[in-house]
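What follows is a set of structures to go through.
Note that chain A is present in both complexes that follow, paired respectively with chain B and with chain C.
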Partner chain A sequence: MAGYFTNILSGTKSLLVGLSITQREFFKKPVTLQYPWESLEMTPRYRGHIQLVKDGETGTHKCISCGLCDKGCPSGCITVKGEKQEGVKVKVLVRYDLDFTKCSLCGQCIDNCKPGAIEFSKEYNLASTRKEDFYYDLLKRLKEQK
Partner chain B sequence: MSSQTASQNKEHFEINLGPQHPATHGVLRVKLLMDGEYVVDAEPVLGYIHRMHELMGENRTWAKYLPNMGRLDYLSALSYNLGYVELVEKMAAIEVPERAEYIRVITTEMNRISSHLLWFGAFVLDLGGFTPLLYAFDDREHILDLLESVTGSRLTYCYFRFGGCSNDVEDEFLTGCLTFIKRLRSRMPMYHNLVTKNVILMQRLEGVGPVSAEMCRKYGATGPVLRGSGINYDVRKNEPYSVYPEFDFDVPVYNECDSMARYMVRMDEMDQCMRIIEQAIAKIPEGPVMAAKVPKMIKPAAGDYYHAVEAARGTFAIRAVSEGKNQAYRMKLRSPTFSNLSLFQEASKGMLLADALAFMGSIDLVIPEIDR
Partner chain C sequence: MDLGINVVEMLIYLVGIIAFAAGNAAYLVWVERKGAAHIQRRTGPKEVGPYGLLQPLADGAKLMSKQLIIPDGVDKPLFMVAPLIAMVPAIMIFVTIPFSDSIIARDINLGLLMIFAFASVNVLALLLGGWASRNKYAVISAARAVSQNVAYEIPMLIIAITIVMVSGSMNLKEIVDFQAGGFWNWNFLPTNGNFLGPITFVLFFICFMAETNRAPFDLGEAESELIAGFHTEYGSMGFGLFFMGEYANIVIGAALTVILFLGGWYCPFGLTDGIWWFLIKMYLLIWTVVLIRWTYPRVTLWSLLNLSWKILIPFSLFNLLASAGLIKILG
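Let's turn to the complex of A and B:
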């Protein structure tokens, strides 16, 4: 019988201790970010979809159309098309397509790129109901990017 | 009681738990044969998110298989990353720089804490307590932010590379880890007061879901399930890999064999993870984080290779058979939760339905990892 009452007592005590903890927490400031009104600055290493790096000097990309990014991509989401043009030693990039629906953000394309022509973007507000919205023409994006 | 109701009581009926049910934490289906509130038989039905990860390993180059490792157990993805890169390094005899090994240990242990915190929240949620989940997520968020600052992702990491890590860590990350450890240490008593010592939790876990050491052996259960059954087995101690032998840490073992024991093992493990991280940060050497010579195309010598690591849920092991080509001939992934789930059928016989769910929470299932 004595055990019965000590059980009730210790049980009630444990509940009161728990309640005091939640009560203390109740008066603390919110720890969450109030998303649509506030948004986060992504860390420099954040992996968004890949994009072509803009070269500060020439104002264009550094890609030499070697296709190593394409070859090393586990998901096969990169298509690079280069063209031989007169007077230019390396192949000239004419198209760089990324199918972001398949990308696993592993970073192997960036590791493989010797000239450092691609990087991760910091975009994370991506939402769409259409698959086609995630087929990116990176060359076009670079040109639009001022 | 009339004879008619007595015979009705004996009537068994079947119900499906899942494949879409919050308590299974994913697309797992358990066919339950019930006698009233009591479980007569529970048959897990798998395969709802089978993605052929093993087959993929046999169809792509060693390097291209790396991102798959983040998608098995997405809650402790770095342990899986680690297991795979270490296997390939063993196969191709690649030396990893010391600093990279330390970074691997620090990030993997941080990942283990975040995984246990999530389990803690979700487990208490299974038992009907919502608040602790929010507190655990508050702490876990700090880990995700820290890991994001080095790996670039928050969940499905692909950070380690053959021969090292994809990038170095800054001092801010290391001090951030220490600040986090200080914070979590100060919060641990709160968790114990709020949850561990709670009378409702104790009564729902103590003595419920007995899993004997013998049963663990029979089904190959590992990790906290095994250590909650009184067996001191941790791959980090028993078959040390990476730089784990350099750290002083204990393996929490409980002999009670019940859900409470498994709960306590994980809670204590978080303390041990913090100890390991502190020692690793104190000792981390300067230097490169990538091996100088990593072949562009990896072609390991023909042979049969095996490597095991301690993931958050138990022993994760890979067996790879190489024919000397740039892809594996056979890739076998040993998933800890698959074995841990296997004992559910036997152990849950005769349990109340609510207890069976508490028991299922205590074995900590991650379904994409069971199905692979």
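Let's turn to the complex of A and C:
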């Protein structure tokens, strides 16, 4: 019989403690991220699809069209096209296409690139219903970047 | 009174009551969602209108524009009538609730009895809805709802009888008037002869939550085990009516608790009496109900019945006898 009353008392107390906790939490600030109005900065080692590095000095890419990334890619996603142009010593890059549908984000291309002309982007909002949306023209993309 | 005026007055009250019930149902859902969200450190609805205030309207429009699907093999008349049975008694009960000295649709001498009579119809809606659905989850839910309602109506009525004994009336207005003066005259304190005072208030509150099938007593619609319980097969406004009925019942339960225990429209210090005090007390109680839902996990059927038969009923019975003795002594 004594257990009956202590049970009720301790039960009531724990219920009240519970209520006070939820009421306290109610007044605290929400911790959720209001996506899509705000989004997190991606971590430094995040691997999005590759992109051409923008050189701070020249304002353009650093690619020398050697094609090593193209050759090294196990999935054959990259197509590099360079042209000999008059007055320029190295070949000039005219096309850099990435077929992201097959890319496994392995990083071979980046390791192969001597001048460090490509890097992983931080792009992750990439949903689409069309396959063609994942064929990127990286040269065009670089020009569009500010 | 002139018949024409009488009819007009009736219509005004009817429209007012339905608007009050529907508005409360709509915005309590908003309060519930916002409350739940902030308790869980989220933000809740915020896109439709400022602070998501137009969300209930959007939800209502969505519900009304949906097709009412009647599955094969349901008991069609019962299936159609169950949501109405959930909503109509709730509207009826509002008729006799005194919001203030003058704001009451019908001042009935047996007001309390009428409220309990109509409130007990609510369980019929759950039973019929579950039974007619031809769905095993709905039937299990209906059976649970009935056993739960039977178990909790008893202590609720015993406590109500105690209050009636103390105040000597079944007229809700007289019960409130009996508590005039200040909070020390309210029935939740033993001053008037309600022996266990605050304990009965808490017991009544628990019963009212169990009667409205609110969490943590929402065994009837336990999503994790019964999909949605008795309204599994309902969509569109059929579901909408069940939903509105549930919220209307919460408002009624809170209003009844205010009337029986917290002095109705009277100010705690006997100063500015009026409907605002009624509403303040009522919405504080409703907030507690929301808070409770987002604090406690659902009880099992076993502990639900245990709580009623082993704790609530003995306590309320003891209180009934002790109060009777106390009233005799107080004269």
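One rule holds for everything that comes next: the second predicted complex is superposed on the first by the 108 of 146 C-alpha atoms of A that agree within 3 Å, B and C clash if a C-alpha of one lies under 4 Å from a C-alpha of the other, contacts with A are read in each partner's own complex, and residues count from 1 in each chain.
Operating definition for what follows: a contact is a pair of C-beta atoms (placed from the backbone, for glycine too) under 8 Å apart; a residue touches a chain by one contact, two chains touch by 3 or more.
Just so it is clear, the model here is predicted, and its values are computed rather than measured.
Contact comparison for chain A: of chain B and chain C, B touches the greater number of residues.
Of the two partner chains placed by superposition, chain B and chain C are both touched by A:Thr22. By the touch criterion defined above, A:Pro74 lies against chain B but remains apart from chain C after alignment on the C-alpha atoms of chain A. Within the superposed three-chain model, A:Leu126 lies out of touch with both chain B and chain C [touch as defined at top]. When the two complexes are overlaid on their common chain A, residue A:Val31 makes contact with chain B and with chain C alike.
Of the two partner chains placed by superposition, only chain B is touched by A:Cys106; chain C is not.
Of the two partner chains placed by superposition, A:Val90 touches none, neither chain B nor chain C.
Shared interface residues of chain A (contacting chain B in one complex, chain C in the other): 15, 18, 21-22, 25, 31.
Touching chain A in their complex are the following residues of chain C: 35, 37-43, 288, 291-292, 294-296, 311.
Here chain A touches chain B in the complex through residues 10-12, 14-15, 17-18, 21-22, 25, 31, 43, 45-47, 72-75, 104-108, 111, 120, going by the rule given at the top. Residue ranges on chain A touching chain C, taken from their complex, read 8, 15, 18-19, 21-23, 25-32, 34. Looking at the complex, you find that chain B touches chain A at residues 60, 63-68, 70-71, 131, 135, 138, 141, 145, 148-153, 156, 158, 161, 166-167, 190, 193-195, 197-200.
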